[in-house]
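I'd like to ask some things about the structure below.
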Amino acid sequence: MKSTYYTVVRGYELDSFGHLNNAVYLNYAEQAKWEFLNENKLLETVQEYGLFPVIMENNIRYMHEFRLLDKVRIETDWSCTRSILHFTHTFFNDFTGLKSCRITGKLMFADINRMIFDIPDELYDFIQEEKH
Amino acid sequence: MKSTYYTVVRGYELDSFGHLNNAVYLNYAEQAKWEFLNENKLLETVQEYGLFPVIMENNIRYMHEFRLLDKVRIETDWSCTRSILHFTHTFFNDFTGLKSCRITGKLMFADINRMIFDIPDELYDFIQEEKH
Amino acid sequence: MKSTYYTVVRGYELDSFGHLNNAVYLNYAEQAKWEFLNENKLLETVQEYGLFPVIMENNIRYMHEFRLLDKVRIETDWSCTRSILHFTHTFFNDFTGLKSCRITGKLMFADINRMIFDIPDELYDFIQEEKH
Amino acid sequence: MKSTYYTVVRGYELDSFGHLNNAVYLNYAEQAKWEFLNENKLLETVQEYGLFPVIMENNIRYMHEFRLLDKVRIETDWSCTRSILHFTHTFFNDFTGLKSCRITGKLMFADINRMIFDIPDELYDFIQEEKH
(Lines give C-alpha, C1' and ligand atoms only; values in the text may rest on other atoms or scores of the structure.)
Protein backbone atom coordinates (compact mmCIF):
# COMPACT_ATOMS: atom_id res chain seq x y z
CA MET A 1 0.00 0.00 0.00
CA LYS A 2 1.43 3.35 -1.04
CA SER A 3 0.48 6.96 -0.52
CA THR A 4 1.91 10.34 -1.47
CA TYR A 5 1.91 13.61 0.44
CA TYR A 6 3.19 17.00 -0.70
CA THR A 7 4.24 20.00 1.35
CA VAL A 8 6.36 23.13 1.04
CA VAL A 9 9.22 24.05 3.37
CA ARG A 10 8.21 26.96 5.59
CA GLY A 11 10.45 29.75 6.77
CA TYR A 12 10.00 29.05 10.47
CA GLU A 13 10.95 25.38 9.94
CA LEU A 14 14.50 26.34 8.97
CA ASP A 15 17.22 26.51 11.55
CA SER A 16 20.10 28.95 11.85
CA PHE A 17 22.03 26.88 9.26
CA GLY A 18 19.30 27.89 6.78
CA HIS A 19 17.96 24.40 6.17
CA LEU A 20 15.07 22.29 7.36
CA ASN A 21 15.56 21.36 11.01
CA ASN A 22 16.06 17.65 11.66
CA ALA A 23 12.96 17.34 13.87
CA VAL A 24 10.59 18.84 11.30
CA TYR A 25 10.96 15.73 9.12
CA LEU A 26 8.96 13.91 11.80
CA ASN A 27 6.30 16.63 11.67
CA TYR A 28 5.97 16.09 7.92
CA ALA A 29 5.93 12.31 8.41
CA GLU A 30 3.16 12.64 10.97
CA GLN A 31 1.08 14.82 8.69
CA ALA A 32 1.58 12.34 5.83
CA LYS A 33 -0.04 9.76 8.12
CA TRP A 34 -3.04 11.94 9.04
CA GLU A 35 -3.63 12.80 5.39
CA PHE A 36 -3.39 9.14 4.35
CA LEU A 37 -6.01 8.16 6.93
CA ASN A 38 -8.23 11.08 6.02
CA GLU A 39 -8.11 10.60 2.26
CA ASN A 40 -9.17 7.01 2.64
CA LYS A 41 -12.00 7.75 5.12
CA LEU A 42 -10.06 5.88 7.79
CA LEU A 43 -9.48 8.82 10.10
CA GLU A 44 -13.15 8.81 11.05
CA THR A 45 -12.92 5.09 11.69
CA VAL A 46 -9.98 5.49 14.02
CA GLN A 47 -11.69 8.38 15.81
CA GLU A 48 -14.96 6.48 16.14
CA TYR A 49 -13.09 3.68 17.90
CA GLY A 50 -11.61 6.34 20.20
CA LEU A 51 -8.10 5.37 19.13
CA PHE A 52 -4.93 7.36 18.66
CA PRO A 53 -1.79 6.32 16.77
CA VAL A 54 1.20 5.98 19.11
CA ILE A 55 4.61 5.97 17.49
CA MET A 56 6.97 3.25 18.74
CA GLU A 57 9.98 3.79 16.49
CA ASN A 58 11.35 6.30 14.02
CA ASN A 59 14.59 5.64 12.18
CA ILE A 60 15.73 8.58 10.11
CA ARG A 61 18.48 8.88 7.49
CA TYR A 62 19.05 12.42 6.25
CA MET A 63 20.51 12.52 2.74
CA HIS A 64 20.07 15.97 1.22
CA GLU A 65 18.94 19.14 2.89
CA PHE A 66 15.76 21.07 2.12
CA ARG A 67 15.71 24.87 1.86
CA LEU A 68 13.09 27.60 2.06
CA LEU A 69 10.05 26.94 -0.14
CA ASP A 70 11.41 23.67 -1.53
CA LYS A 71 8.58 21.39 -2.57
CA VAL A 72 8.66 18.11 -0.65
CA ARG A 73 7.15 14.88 -1.94
CA ILE A 74 6.79 12.06 0.58
CA GLU A 75 6.15 8.57 -0.77
CA THR A 76 4.96 6.21 1.94
CA ASP A 77 4.89 2.41 1.98
CA TRP A 78 2.53 0.84 4.49
CA SER A 79 2.31 -2.69 5.81
CA CYS A 80 0.90 -4.19 8.97
CA THR A 81 0.40 -7.08 11.32
CA ARG A 82 -2.78 -7.23 13.43
CA SER A 83 -1.35 -4.82 15.98
CA ILE A 84 1.53 -2.94 14.38
CA LEU A 85 1.52 -0.55 11.45
CA HIS A 86 4.87 -0.29 9.64
CA PHE A 87 5.70 2.74 7.55
CA THR A 88 8.52 3.86 5.29
CA HIS A 89 8.47 7.50 4.28
CA THR A 90 10.80 8.45 1.43
CA PHE A 91 11.28 12.20 1.04
CA PHE A 92 12.06 13.71 -2.35
CA ASN A 93 12.82 17.26 -3.38
CA ASP A 94 10.10 17.61 -6.00
CA PHE A 95 12.06 20.33 -7.85
CA THR A 96 15.27 18.35 -8.28
CA GLY A 97 14.01 14.77 -7.86
CA LEU A 98 16.75 14.12 -5.27
CA LYS A 99 15.98 11.60 -2.52
CA SER A 100 16.42 13.62 0.65
CA CYS A 101 15.46 11.49 3.59
CA ARG A 102 14.07 8.11 4.58
CA ILE A 103 12.13 7.35 7.74
CA THR A 104 11.15 3.83 8.74
CA GLY A 105 9.14 3.11 11.83
CA LYS A 106 6.14 1.55 13.44
CA LEU A 107 3.13 2.55 15.45
CA MET A 108 0.32 0.99 17.46
CA PHE A 109 -3.15 2.21 18.38
CA ALA A 110 -4.18 3.07 21.94
CA ASP A 111 -7.26 4.54 23.53
CA ILE A 112 -7.27 7.56 25.82
CA ASN A 113 -6.55 5.27 28.80
CA ARG A 114 -3.37 4.02 27.13
CA MET A 115 -4.83 0.56 26.44
CA ILE A 116 -3.32 -0.94 23.28
CA PHE A 117 -5.77 -2.25 20.65
CA ASP A 118 -5.45 -4.14 17.40
CA ILE A 119 -5.44 -2.10 14.22
CA PRO A 120 -9.07 -1.36 13.32
CA ASP A 121 -10.35 -3.95 10.81
CA GLU A 122 -11.16 -1.33 8.20
CA LEU A 123 -7.58 -0.04 8.23
CA TYR A 124 -6.09 -3.53 8.40
CA ASP A 125 -8.14 -4.73 5.44
CA PHE A 126 -7.39 -1.62 3.46
CA ILE A 127 -3.66 -2.11 3.80
CA GLN A 128 -3.79 -5.87 3.19
CA GLU A 129 -6.03 -5.63 0.13
CA GLU A 130 -3.82 -3.16 -1.59
CA LYS A 131 -1.00 -5.65 -1.49
CA HIS A 132 -2.60 -7.85 -4.11
CA MET B 1 32.17 10.97 27.53
CA LYS B 2 28.83 11.60 29.19
CA SER B 3 26.64 14.61 29.73
CA THR B 4 23.27 15.31 31.33
CA TYR B 5 20.55 17.75 30.33
CA TYR B 6 17.29 18.51 32.12
CA THR B 7 14.08 20.01 30.80
CA VAL B 8 10.39 20.18 31.62
CA VAL B 9 7.58 19.14 29.27
CA ARG B 10 5.76 22.22 28.02
CA GLY B 11 2.06 22.47 27.32
CA TYR B 12 2.42 23.33 23.64
CA GLU B 13 4.67 20.31 23.10
CA LEU B 14 1.80 17.93 23.85
CA ASP B 15 -0.37 16.61 21.09
CA SER B 16 -4.11 15.94 21.07
CA PHE B 17 -3.44 12.59 22.80
CA GLY B 18 -2.17 14.63 25.77
CA HIS B 19 1.42 13.41 25.64
CA LEU B 20 4.72 14.66 24.31
CA ASN B 21 4.67 14.67 20.50
CA ASN B 22 7.09 12.23 18.87
CA ALA B 23 9.03 14.96 17.06
CA VAL B 24 9.71 17.01 20.19
CA TYR B 25 12.11 14.33 21.45
CA LEU B 26 14.43 15.43 18.65
CA ASN B 27 14.09 19.04 19.79
CA TYR B 28 15.16 18.03 23.28
CA ALA B 29 17.99 15.92 21.87
CA GLU B 30 19.20 18.88 19.83
CA GLN B 31 19.15 21.18 22.81
CA ALA B 32 21.06 18.60 24.89
CA LYS B 33 23.78 18.87 22.22
CA TRP B 34 23.92 22.69 22.24
CA GLU B 35 24.10 22.74 26.04
CA PHE B 36 26.85 20.11 26.08
CA LEU B 37 28.94 22.17 23.67
CA ASN B 38 28.26 25.38 25.56
CA GLU B 39 29.01 24.05 29.04
CA ASN B 40 32.38 22.80 27.88
CA LYS B 41 33.30 26.02 26.02
CA LEU B 42 33.16 24.13 22.75
CA LEU B 43 30.27 26.03 21.20
CA GLU B 44 32.50 29.07 20.74
CA THR B 45 35.12 26.83 19.16
CA VAL B 46 32.65 25.42 16.67
CA GLN B 47 31.33 28.89 15.89
CA GLU B 48 34.82 30.35 15.48
CA TYR B 49 35.55 27.69 12.87
CA GLY B 50 32.31 28.73 11.14
CA LEU B 51 30.94 25.20 11.52
CA PHE B 52 27.44 23.84 12.08
CA PRO B 53 26.46 20.36 13.25
CA VAL B 54 24.55 18.47 10.55
CA ILE B 55 22.56 15.45 11.71
CA MET B 56 22.99 12.36 9.52
CA GLU B 57 20.93 9.82 11.45
CA ASN B 58 18.45 9.65 14.29
CA ASN B 59 17.10 6.30 15.51
CA ILE B 60 14.39 6.68 18.10
CA ARG B 61 12.74 4.09 20.36
CA TYR B 62 9.82 5.45 22.37
CA MET B 63 9.23 3.49 25.59
CA HIS B 64 7.07 5.52 27.97
CA GLU B 65 5.20 8.71 27.31
CA PHE B 66 5.84 12.08 28.93
CA ARG B 67 3.01 14.31 30.13
CA LEU B 68 2.59 18.00 30.96
CA LEU B 69 5.28 19.35 33.28
CA ASP B 70 7.08 16.02 33.62
CA LYS B 71 10.73 16.54 34.38
CA VAL B 72 12.94 15.02 31.70
CA ARG B 73 16.53 13.91 32.30
CA ILE B 74 18.60 13.15 29.22
CA GLU B 75 21.83 11.20 29.70
CA THR B 76 24.04 11.39 26.65
CA ASP B 77 26.97 9.19 25.64
CA TRP B 78 29.36 10.67 23.13
CA SER B 79 32.04 9.07 20.99
CA CYS B 80 33.70 10.06 17.74
CA THR B 81 35.93 9.32 14.82
CA ARG B 82 37.83 12.18 13.14
CA SER B 83 34.78 13.17 11.14
CA ILE B 84 31.70 11.71 12.80
CA LEU B 85 30.24 12.39 16.22
CA HIS B 86 28.13 9.54 17.60
CA PHE B 87 25.54 10.17 20.28
CA THR B 88 23.17 8.11 22.40
CA HIS B 89 20.55 10.07 24.29
CA THR B 90 18.69 8.14 26.99
CA PHE B 91 15.59 9.91 28.25
CA PHE B 92 14.34 9.35 31.81
CA ASN B 93 11.29 10.64 33.60
CA ASP B 94 13.05 12.26 36.52
CA PHE B 95 9.97 11.93 38.74
CA THR B 96 9.49 8.18 38.27
CA GLY B 97 12.96 7.12 37.13
CA LEU B 98 11.41 5.30 34.14
CA LYS B 99 13.46 5.06 30.96
CA SER B 100 11.26 6.75 28.37
CA CYS B 101 13.14 6.95 25.12
CA ARG B 102 16.47 6.25 23.47
CA ILE B 103 17.91 8.08 20.49
CA THR B 104 21.10 6.97 18.76
CA GLY B 105 22.54 8.86 15.86
CA LYS B 106 25.45 10.63 14.27
CA LEU B 107 26.37 14.04 12.95
CA MET B 108 29.09 15.76 10.97
CA PHE B 109 30.28 19.35 10.83
CA ALA B 110 29.84 21.54 7.77
CA ASP B 111 30.51 25.18 6.98
CA ILE B 112 27.94 27.58 5.54
CA ASN B 113 28.87 26.42 2.02
CA ARG B 114 27.99 22.81 2.93
CA MET B 115 31.63 21.69 2.88
CA ILE B 116 32.20 18.84 5.35
CA PHE B 117 35.06 19.26 7.84
CA ASP B 118 36.69 17.07 10.45
CA ILE B 119 35.51 17.48 13.99
CA PRO B 120 37.39 20.45 15.49
CA ASP B 121 40.47 19.22 17.41
CA GLU B 122 39.32 20.76 20.67
CA LEU B 123 36.07 18.82 20.54
CA TYR B 124 37.73 15.64 19.31
CA ASP B 125 40.32 15.73 22.09
CA PHE B 126 37.69 16.52 24.69
CA ILE B 127 35.67 13.46 23.79
CA GLN B 128 38.70 11.17 23.45
CA GLU B 129 40.33 12.25 26.71
CA GLU B 130 37.28 11.59 28.73
CA LYS B 131 37.39 7.98 27.68
CA HIS B 132 40.43 7.27 29.78
CA MET C 1 -2.36 45.26 -2.05
CA LYS C 2 -3.87 41.90 -1.20
CA SER C 3 -2.67 38.32 -1.20
CA THR C 4 -4.12 34.94 -0.30
CA TYR C 5 -2.46 31.90 1.26
CA TYR C 6 -3.95 28.48 1.94
CA THR C 7 -2.86 25.80 4.35
CA VAL C 8 -4.26 22.77 6.17
CA VAL C 9 -4.21 22.28 9.95
CA ARG C 10 -1.67 19.59 10.84
CA GLY C 11 -2.03 17.08 13.64
CA TYR C 12 1.10 18.17 15.51
CA GLU C 13 -0.10 21.79 15.51
CA LEU C 14 -3.03 20.92 17.76
CA ASP C 15 -2.73 21.20 21.49
CA SER C 16 -4.18 18.97 24.19
CA PHE C 17 -7.51 20.82 23.85
CA GLY C 18 -7.68 19.40 20.30
CA HIS C 19 -7.50 22.72 18.49
CA LEU C 20 -4.88 24.78 16.74
CA ASN C 21 -2.40 26.15 19.28
CA ASN C 22 -2.40 29.94 19.65
CA ALA C 23 1.23 30.32 18.59
CA VAL C 24 0.81 28.41 15.32
CA TYR C 25 -1.28 31.27 13.90
CA LEU C 26 1.95 33.27 13.82
CA ASN C 27 3.66 30.42 11.97
CA TYR C 28 0.94 30.51 9.33
CA ALA C 29 1.12 34.32 9.18
CA GLU C 30 4.87 34.14 8.65
CA GLN C 31 4.52 31.60 5.87
CA ALA C 32 1.85 33.77 4.20
CA LYS C 33 4.51 36.49 4.06
CA TRP C 34 7.23 34.29 2.55
CA GLU C 35 4.81 32.97 -0.06
CA PHE C 36 3.65 36.50 -0.95
CA LEU C 37 7.25 37.62 -1.48
CA ASN C 38 8.10 34.50 -3.45
CA GLU C 39 5.07 34.55 -5.75
CA ASN C 40 5.85 38.11 -6.74
CA LYS C 41 9.58 37.50 -7.30
CA LEU C 42 10.35 39.77 -4.36
CA LEU C 43 11.94 37.15 -2.13
CA GLU C 44 14.99 37.05 -4.40
CA THR C 45 15.13 40.84 -4.25
CA VAL C 46 15.11 40.86 -0.48
CA GLN C 47 17.74 38.12 -0.37
CA GLU C 48 19.95 39.87 -2.93
CA TYR C 49 19.99 42.96 -0.70
CA GLY C 50 20.99 40.65 2.17
CA LEU C 51 17.89 41.68 4.12
CA PHE C 52 15.64 39.81 6.54
CA PRO C 53 12.15 40.80 7.69
CA VAL C 54 12.08 41.58 11.41
CA ILE C 55 8.66 41.57 13.06
CA MET C 56 8.01 44.56 15.36
CA GLU C 57 4.41 43.92 16.36
CA ASN C 58 1.76 41.21 16.17
CA ASN C 59 -1.75 41.83 17.49
CA ILE C 60 -3.90 38.73 17.41
CA ARG C 61 -7.65 38.30 17.96
CA TYR C 62 -8.78 34.67 18.04
CA MET C 63 -12.43 34.27 17.00
CA HIS C 64 -13.12 30.63 16.13
CA GLU C 65 -10.94 27.61 16.63
CA PHE C 66 -9.43 25.43 13.90
CA ARG C 67 -9.40 21.64 14.14
CA LEU C 68 -7.44 18.81 12.53
CA LEU C 69 -7.30 19.04 8.73
CA ASP C 70 -9.40 22.21 8.54
CA LYS C 71 -8.56 24.20 5.45
CA VAL C 72 -7.30 27.67 6.34
CA ARG C 73 -7.53 30.67 3.99
CA ILE C 74 -5.51 33.71 4.95
CA GLU C 75 -6.34 36.99 3.22
CA THR C 76 -3.62 39.58 3.71
CA ASP C 77 -3.75 43.36 3.26
CA TRP C 78 -0.40 45.06 2.80
CA SER C 79 0.56 48.71 3.04
CA CYS C 80 3.83 50.48 3.75
CA THR C 81 5.81 53.59 4.48
CA ARG C 82 9.42 53.81 3.30
CA SER C 83 10.64 51.79 6.27
CA ILE C 84 7.70 49.90 7.72
CA LEU C 85 5.56 47.19 6.18
CA HIS C 86 2.07 46.90 7.69
CA PHE C 87 0.08 43.69 7.37
CA THR C 88 -3.38 42.49 8.29
CA HIS C 89 -3.94 38.76 8.04
CA THR C 90 -7.55 37.61 8.19
CA PHE C 91 -7.96 33.88 8.74
CA PHE C 92 -11.00 32.03 7.43
CA ASN C 93 -12.08 28.44 7.77
CA ASP C 94 -12.38 27.65 4.08
CA PHE C 95 -14.90 24.85 4.75
CA THR C 96 -17.37 26.95 6.76
CA GLY C 97 -16.45 30.47 5.64
CA LEU C 98 -16.18 31.55 9.29
CA LYS C 99 -13.72 34.32 10.12
CA SER C 100 -11.42 32.69 12.65
CA CYS C 101 -8.63 35.09 13.50
CA ARG C 102 -7.19 38.49 12.66
CA ILE C 103 -3.55 39.49 13.01
CA THR C 104 -2.36 43.06 12.46
CA GLY C 105 1.27 44.01 12.74
CA LYS C 106 4.31 45.58 11.24
CA LEU C 107 7.83 44.67 10.27
CA MET C 108 11.07 46.28 9.14
CA PHE C 109 14.02 45.00 7.15
CA ALA C 110 17.48 44.49 8.65
CA ASP C 111 20.73 43.05 7.41
CA ILE C 112 22.70 40.32 9.17
CA ASN C 113 24.43 42.98 11.31
CA ARG C 114 21.05 44.19 12.61
CA MET C 115 21.25 47.47 10.67
CA ILE C 116 17.76 48.67 9.70
CA PHE C 117 17.19 49.53 6.03
CA ASP C 118 14.36 51.05 4.03
CA ILE C 119 12.00 48.66 2.32
CA PRO C 120 13.62 47.63 -0.99
CA ASP C 121 12.32 49.85 -3.82
CA GLU C 122 10.96 46.90 -5.78
CA LEU C 123 8.81 45.83 -2.84
CA TYR C 124 7.81 49.39 -1.97
CA ASP C 125 6.74 50.14 -5.53
CA PHE C 126 4.90 46.86 -5.83
CA ILE C 127 2.78 47.58 -2.78
CA GLN C 128 2.19 51.24 -3.71
CA GLU C 129 1.25 50.50 -7.33
CA GLU C 130 -1.34 48.00 -6.39
CA LYS C 131 -3.21 50.65 -4.47
CA HIS C 132 -4.33 52.43 -7.63
CA MET D 1 -0.54 39.24 41.29
CA LYS D 2 2.88 38.62 39.77
CA SER D 3 4.82 35.58 38.73
CA THR D 4 8.22 34.89 37.19
CA TYR D 5 9.30 32.21 34.73
CA TYR D 6 12.78 31.49 33.40
CA THR D 7 13.83 29.68 30.27
CA VAL D 8 16.81 29.39 27.91
CA VAL D 9 16.69 30.01 24.16
CA ARG D 10 17.01 26.71 22.29
CA GLY D 11 18.82 26.17 19.02
CA TYR D 12 15.77 24.93 17.13
CA GLU D 13 13.77 27.99 18.21
CA LEU D 14 16.02 30.28 16.17
CA ASP D 15 15.16 31.16 12.62
CA SER D 16 17.46 31.63 9.64
CA PHE D 17 18.21 35.19 10.84
CA GLY D 18 19.82 33.54 13.90
CA HIS D 19 17.41 34.94 16.46
CA LEU D 20 14.37 33.74 18.35
CA ASN D 21 11.45 33.30 15.95
CA ASN D 22 8.52 35.65 16.55
CA ALA D 23 6.05 32.83 17.23
CA VAL D 24 8.17 31.19 19.93
CA TYR D 25 7.50 34.14 22.28
CA LEU D 26 3.93 32.83 22.47
CA ASN D 27 5.23 29.37 23.32
CA TYR D 28 7.21 30.83 26.20
CA ALA D 29 4.21 32.91 27.30
CA GLU D 30 2.04 29.81 27.31
CA GLN D 31 4.52 27.86 29.37
CA ALA D 32 4.77 30.77 31.86
CA LYS D 33 1.02 30.33 32.33
CA TRP D 34 1.17 26.56 32.90
CA GLU D 35 4.00 26.96 35.38
CA PHE D 36 2.17 29.71 37.25
CA LEU D 37 -0.91 27.51 37.62
CA ASN D 38 1.17 24.50 38.62
CA GLU D 39 3.34 26.26 41.20
CA ASN D 40 0.25 27.54 42.96
CA LYS D 41 -1.60 24.18 42.90
CA LEU D 42 -4.17 25.70 40.56
CA LEU D 43 -3.44 23.49 37.57
CA GLU D 44 -5.03 20.53 39.33
CA THR D 45 -8.03 22.71 40.14
CA VAL D 46 -8.48 23.70 36.53
CA GLN D 47 -8.07 20.09 35.42
CA GLU D 48 -10.50 18.78 38.03
CA TYR D 49 -13.14 21.17 36.69
CA GLY D 50 -12.39 19.76 33.22
CA LEU D 51 -11.42 23.22 31.98
CA PHE D 52 -8.88 24.45 29.45
CA PRO D 53 -7.55 27.98 29.04
CA VAL D 54 -8.55 29.46 25.67
CA ILE D 55 -6.57 32.48 24.49
CA MET D 56 -8.71 35.33 23.12
CA GLU D 57 -6.05 37.95 22.42
CA ASN D 58 -2.29 38.31 22.24
CA ASN D 59 -0.69 41.69 21.57
CA ILE D 60 3.04 41.47 21.12
CA ARG D 61 5.70 44.21 20.94
CA TYR D 62 9.16 42.93 20.07
CA MET D 63 11.92 45.20 21.41
CA HIS D 64 15.23 43.34 21.42
CA GLU D 65 16.09 40.00 19.91
CA PHE D 66 17.12 36.88 21.79
CA ARG D 67 19.96 34.65 20.59
CA LEU D 68 21.06 31.05 21.19
CA LEU D 69 21.25 30.12 24.88
CA ASP D 70 20.21 33.57 26.11
CA LYS D 71 18.54 33.33 29.49
CA VAL D 72 14.98 34.66 29.36
CA ARG D 73 13.13 36.02 32.40
CA ILE D 74 9.40 36.55 32.00
CA GLU D 75 7.64 38.71 34.60
CA THR D 76 3.89 38.29 34.44
CA ASP D 77 1.15 40.51 35.84
CA TRP D 78 -2.22 38.88 36.32
CA SER D 79 -5.65 40.38 36.90
CA CYS D 80 -9.16 39.10 36.28
CA THR D 81 -12.88 39.62 36.12
CA ARG D 82 -15.20 36.71 36.88
CA SER D 83 -14.80 35.33 33.36
CA ILE D 84 -11.65 36.81 31.85
CA LEU D 85 -8.06 36.43 32.90
CA HIS D 86 -5.80 39.31 31.80
CA PHE D 87 -2.06 38.84 31.52
CA THR D 88 0.96 40.99 30.76
CA HIS D 89 4.18 39.13 30.12
CA THR D 90 7.33 41.26 30.13
CA PHE D 91 10.37 39.47 28.70
CA PHE D 92 13.87 40.36 29.86
CA ASN D 93 17.25 39.12 28.76
CA ASP D 94 18.50 37.95 32.14
CA PHE D 95 22.15 38.37 31.08
CA THR D 96 21.88 42.01 30.00
CA GLY D 97 18.74 43.13 31.85
CA LEU D 98 17.31 44.48 28.58
CA LYS D 99 13.53 44.47 28.19
CA SER D 100 13.00 42.39 25.06
CA CYS D 101 9.30 41.91 24.53
CA ARG D 102 5.90 42.61 26.02
CA ILE D 103 2.77 40.53 25.49
CA THR D 104 -0.63 41.60 26.77
CA GLY D 105 -3.69 39.49 26.31
CA LYS D 106 -6.65 37.71 27.77
CA LEU D 107 -8.07 34.23 28.06
CA MET D 108 -11.23 32.44 29.15
CA PHE D 109 -11.88 28.92 30.39
CA ALA D 110 -13.86 26.37 28.40
CA ASP D 111 -14.69 22.71 28.82
CA ILE D 112 -14.06 20.04 26.21
CA ASN D 113 -17.45 20.82 24.62
CA ARG D 114 -16.38 24.45 24.09
CA MET D 115 -18.78 25.78 26.77
CA ILE D 116 -17.37 28.91 28.41
CA PHE D 117 -17.21 28.93 32.24
CA ASP D 118 -16.33 31.47 34.87
CA ILE D 119 -12.81 31.42 36.21
CA PRO D 120 -12.65 28.73 38.93
CA ASP D 121 -13.16 30.33 42.37
CA GLU D 122 -9.81 29.12 43.66
CA LEU D 123 -7.98 30.85 40.82
CA TYR D 124 -10.16 33.97 41.01
CA ASP D 125 -9.62 34.33 44.75
CA PHE D 126 -5.91 33.70 44.42
CA ILE D 127 -5.50 36.53 41.94
CA GLN D 128 -7.81 38.92 43.81
CA GLU D 129 -6.22 38.29 47.21
CA GLU D 130 -2.79 39.01 46.02
CA LYS D 131 -3.85 42.47 45.03
CA HIS D 132 -4.09 43.62 48.63
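Going in written order, the chains are labelled A, B, C and D, and every chain counts its residues from 1.
The working rule: a contact is a pair of C-beta atoms (placed from the backbone, for glycine too) under 8 Å apart; a residue touches a chain by one contact, two chains touch by 3 or more.
For clarity, every value in this text was computed on a predicted model and none was experimentally measured.
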(Q) For the two copies chain A and chain D, what rotation in degrees overlays their C-alpha atoms? Round to the nearest 5. (A) 180
Q | Proportion of interface numbers common to chain B and chain C (over half same, under half different) | A | same
(Q) Let me spell it out: compute each chain's centre from its C-alpha atoms, then which one is farthest from chain B's centre? (A) C
Q. Cα centroid separation between chain B and chain C, in whole Å?
A. 33
Q: Find the geometric centre of each of chain A and chain B from their Cα atoms only, then give the gap between the two centres in Å, rounded to an integer.
A: 23
(Q) Rounded to a whole Å, what is the gap between the Cα centroids of chain B and chain D? (A) 28
Q.
I need the residues of chain D touching at least two other chains; which ones are they?
A. 11-12, 16, 18, 21, 23, 27, 30, 68
Q. Taking touching chains as linked, do they make an open path (line), a single closed cycle (ring), a hub with spokes (star), an all-linked set (complete), or other?
A. complete
Q) Can you list the chain C residues touching chain A in their complex? A) 10-12, 27, 30-31, 33-35, 38, 43, 68-69
Q) Of all residues in chain B, which touch chain A in the complex? A) 16-18, 21-24, 26-27, 30, 52, 54-62, 65, 110, 112, 114
Q) What part of chain A is in contact with chain D in the complex they form? A) 11-12, 14-16, 18, 21, 23, 68
